[in-house]
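The block underneath contains the structure these notes are about, expressed in structure tokens.
Note that the chains are named A, B and C in the order they appear, and that numbering of residues resets to 1 at the start of each chain.
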Amino acid sequence: MNSSKKLGLLLITPAAIVVVMLFLVPVVLTAVFAFTNMSTSTGISGGAYQISPNALQELRDHYDMPSVAERLSQSGFAVDEPGLAALGKAGIDADIVTELRGHIGETFAARRDAERAIRNLNHRPSLREVKQISDQFNRSIMNARYDSKAALLAAVASVMPNLSGAEHQAIIAASYTGWTWTTGNFRRMASIPGTQRSLVNTMVYVAFTLTLFNIGFAMVLAITTFYMPSRAAGFFRGVWLLPRISPPVIYVLLWKWLAWDTGFLSVFLGRFGIHSRNWMLDSGTNAWVFVVLINGFVGASMGMLIFSSALQAIPRPLLYASEVDGASRWQQIWHIIMPQLRWPILFVTCYQTLSLLTSFDLILLSTNGGPGGSTEVWALATYHTALNNYAGNLEYGYGAAMALVLVVVGVFLSLAYLRLFNYRDLVAKPLIEH
Amino acid sequence: MTSNFRAWPVVLALSIVSAPLVLMYVYLLVDTVTSTAPGSLIPYEFTLRHWTFLWTPVPGRPDIWRVALNTLVFATASSAIVLSLSSTAGYVLSRLNVPFRRFFLAGVMVLHAFPSVTLIVAIFLVLQMVGLYNSLAGVILVKAALDMPLGIWIMKGFYDTVPWEIEMAGIQDGASRFTVWRRLVLPQVRPALLALGLFAFLSGWSEFILPQVLAPDNRVQVLSVYLAGLIADDNNFDMALFKSVGVFYVVPVILLFLFFQKHLMNIYGGGTKG
Amino acid sequence: MRILLDGFTKSFGPMTVIDKMTLEIRDGEMLALLGPSGCGKSTTLFAICGIHKISAGRILFGDRDVTNVASQQRNVGVVFQSYALYPHMTVAENIAFPLEVKKLKAAEIKRQVDQMAELVHIEELMKRRPAELSGGQQQRVALARALVRKPDVLLLDEPLANLDSKLRLEMRSEIRRLQLATGITAILVTHDQVEAMSMCDRIAIMNAGEIVQIATPGEMYRNPRTEFVAGFLGNPPIAFLHGVATSGGFASVGGEAIALPASVPLPPPGSKLTLGIRPEHFGPTGNIPIRGRISFIETQGRENLYDVTLPSGSMLRSIQPLRGDVALNEEIEWSIAGDRILVFDEHGTRL
């Protein structure tokens, strides 16, 4: 191996490791997580075993074992030898213990029933004693958490010693609180109406923002500043770059100030007798207008810069010649300027489609998908599902499944992007061969 | 442009279209140092009241200076990582004969276009698993990684413009490839390093989603998360306070941009996200 | 140091640019690699200095086989067409760089750099940066940097191409002076025959990846081995007449018959032939008279160049001291110096 190869591998390794760890691994893991039911309640590491009401429900409905479920649920309080022995040690009056021995074998479904029976003993134990005694007879396995299958099965065996293997497995599966593998996320995605809604929203969002602003208005900006004296052009380009360089949180704050019910629009229009209201969130249509404006104002600047530099490349004599030939400004724009923009438009379209499809920070900060989910795009829905919602139950698995859709789209489109742009030119072989 | 066309109608038209934007930014500044009566648009007094958050923390929020420091650390560290990894990897892809070079190049190009925010769910879970959730280190690493393909791409572009003869001459002068890179090539791309460093810094300074998702805790909060939290808190609606914090947050950005506009334009025009 | 390319072959992917070239450069000589653009001169140069790996063959420096030795270890000085000065370093730093990588002591570096600067006459430029130098000054700095590490070989890739014509003249003699002063073995790559002829001990003329002829400039001019060489050397260029062999002579396509000296071994009558006639061998004196019409006169100062169109439409050139007695479109009868005619067969090989 020659020195350039060695140095090359050395220099590229850190970057390669980072790419693998934070791109490749997450892509793969997105796919992996998409096939789990991870959520806040299952946790993301392993789980425990707990005979919860849910678990019983599942035993009844899913495993068709109503009698087992019934028995587990009634595994309440039992007067038995081990309990009596423990009472002796705990220093309970021997007479009470003796009297209880007469009740051996009795069971109670709930603590309440057990304690009533104890209170009614002839020896009338004190309240503290009643509590102590009932504790010793507590044989309930309802809602207790067991860290291992063995612990769970031991506890179950103390209630129902003669269960079959299949019944054990069913109990284990039903009481497991951790996450499990499933394809349910995709079935659910295909069936719920929210899916279609966020898909439509995403398309509306991308189509309007892209055509109106990222391409359309960007072109207007590039062409108008092209025709201006250079100082004015510089000023306007600077102004339209502000949204891009401002951190999104502040940028959106400015829009909120404009639109909120005590904001600029309300106050200003109030002068003309129009009721103050939250212009951004009072109707779905308004929300969309703002979402497109907010994203569009940011998006326009990229196109503006790219188109402007394409226009700067037009040979001046061509323009002078066309003016000498008597071309109107429109004709000049149509015949000389537009053809120059064909390639940049394709570039911006590709690039921005991808980033619009997946970006959601501005929507999150402005409408947060509202009102009533009318501006909830796919990426934002993913965020709400997996990372942040009011209900507090974050469904990582389902969120990953939604993200997987975007990842797949992203991979395909960015591969297409690779094909579209002259990759070949970029890989010219190094001229120094050693 | 050419004098055969009058410029003023265009200037006028664009002025009208740009007015809302200018208005928003002007009011951003004005509202932080004045008071305005409800229902009015004209301030009636000058005041520094809205800036008290600088010395008295807003109830229930961390100290602003602590948050600013976190932001600075976050932005500086992630841009330093982006810079060092991109300047080495970009050079390799531009100039060195490594195995799988085409594969690396295609990979970087795809990643450059790939919308990395889609990976956030997986990254969130990974950070939880490895214990880097709610730590600056974790979110710095993620931010640097996500900005890196763009960085490599830009650096490769700049290295491509350095004449091969310079490197050939260096080799003939007896220098190793590493020395050639360090002493001869790297100095030629200094403007690119400056631009990329600034860009990565600003990008880190502005970042919201990553710290919001990966490090929301008060201890490690950055300005974007702090301000978003302030705004989202329905019990404490104080637009002037939001704006003052906003100005505090945005001023470094605007200053850097004004000073280094020429350098940054290269990158903003060349295919950043958004 | 003697340099030998032995069966040197270079391919880029499927395309073989140079196929089994063998070339020897003698110790201390300056050899020109002359040929049209794209013929593989730079490729040869890059192989010698180690920037390219060669596809087959060997490269020897003296007795040392350097075929697989890295550039850094070959001790070759190169001056690039663009000079490739390091723009961020001053002239002094540029020249010192090769010594710095050798890790010499600072005082020693300074001594050698100053010595070099004196040799190439740039003492007063040492603090400037390359951008503040004229083309000729940059060239001198590049030479100094290439020579400072006392290389075994000096390679110059089109060193004069970026200079204006006056500077070019100056640097031509300057480079030769330095080469002679240091006694270094040097290879000059150029597509300009005047440079090659005026600066070098020998010329290797290349075409399409092959060395067509190696000889001293005078020998090559008088005695070219092929039509290509004859056409490449000489300014104003040689004129060619195409035709066929007759018994004892040559008949041009248009019908002019020219008797050839008996020393030329002629092919059977009817074979295709080309005659090469240099401008200085066609004029008022000579032994083969030929009629024609003056179709163009180019004044070169001391001399005039006349284009003479023959009745058949072919053209000959004549260079003569200034004379006022011929005018454009005048019919003349001038003569060719028969013993100087160069005769080539249909493959362009000299007969």
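In this section, a residue touches a chain if its C-beta (ideal position, glycine included) is under 8 Å from a C-beta of that chain, and two chains touch if they have at least 3 such contacts.
All figures in this text were calculated on a predicted structure; none of them were measured in a lab.
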Have a look and report which chain pair racks up the highest count of C-beta pairs in contact. A-B
Report the chain whose CA-based centre is farthest from the CA-based centre of chain C. A
Among all chains, which one's averaged Cα position is nearest the averaged Cα position of every protein chain shown? B
Centroid distance [mean C-alpha coordinates] between chain C and chain B, Å: 56
When the C-alpha atoms of chain A and chain C are each averaged to a single point, how far apart are the two points in Å? 71
Separation of mean Cα positions, chain B and chain A [Å, integer]: 24
List, in ascending order, every residue of chain B touching at least 2 other chains. 168, 171, 176
Multi-chain contacts in chain C, i.e. residues touching at least two other chains, fall at 50-51, 71
Of all residues in chain A, the ones touching two or more other chains: 2-3, 431-434
So, in the complex, the side of chain B touching chain A is made of residues 1-2, 4-5, 7, 10-11, 13-14, 18, 20-25, 27-28, 31, 38-41, 84-86, 88-89, 91-93, 95-99, 101-102, 104-107, 109-126, 128-129, 141-142, 144-146, 148-149, 152, 156, 164, 167-168, 171, 176-178, 181, 202, 205-209, 212-213, 223-224, 227-228, 231, 239, 242-243, 246, 249-250, 253-254, 257, 261, 265, 268-269, 271-274
Touching residues (chain side chain C, partner chain A) in the complex: 50-53, 70-71
Residues of chain B touching chain C in the complex: 163, 165-166, 168-176, 179, 183-184, 187-188
In the complex with chain B, residue positions of chain A that touch it: 2-5, 7-9, 11-12, 14-16, 18-19, 21-23, 25-27, 29-30, 33, 38, 44-45, 221, 224-229, 232, 236, 238-250, 253-258, 260, 262-264, 267-268, 270, 297-299, 301-302, 305-306, 308-309, 319-320, 323, 329, 347, 350-352, 354-355, 357-361, 364-365, 379, 382-383, 386-388, 396, 399-400, 403, 406-407, 410-411, 413-415, 417-418, 421, 423, 426-427, 429-434
Once bound in the complex, which stretches of chain C touch chain B? 49-51, 71-72, 75-78, 80-88, 97-98, 101-102, 145-146, 149
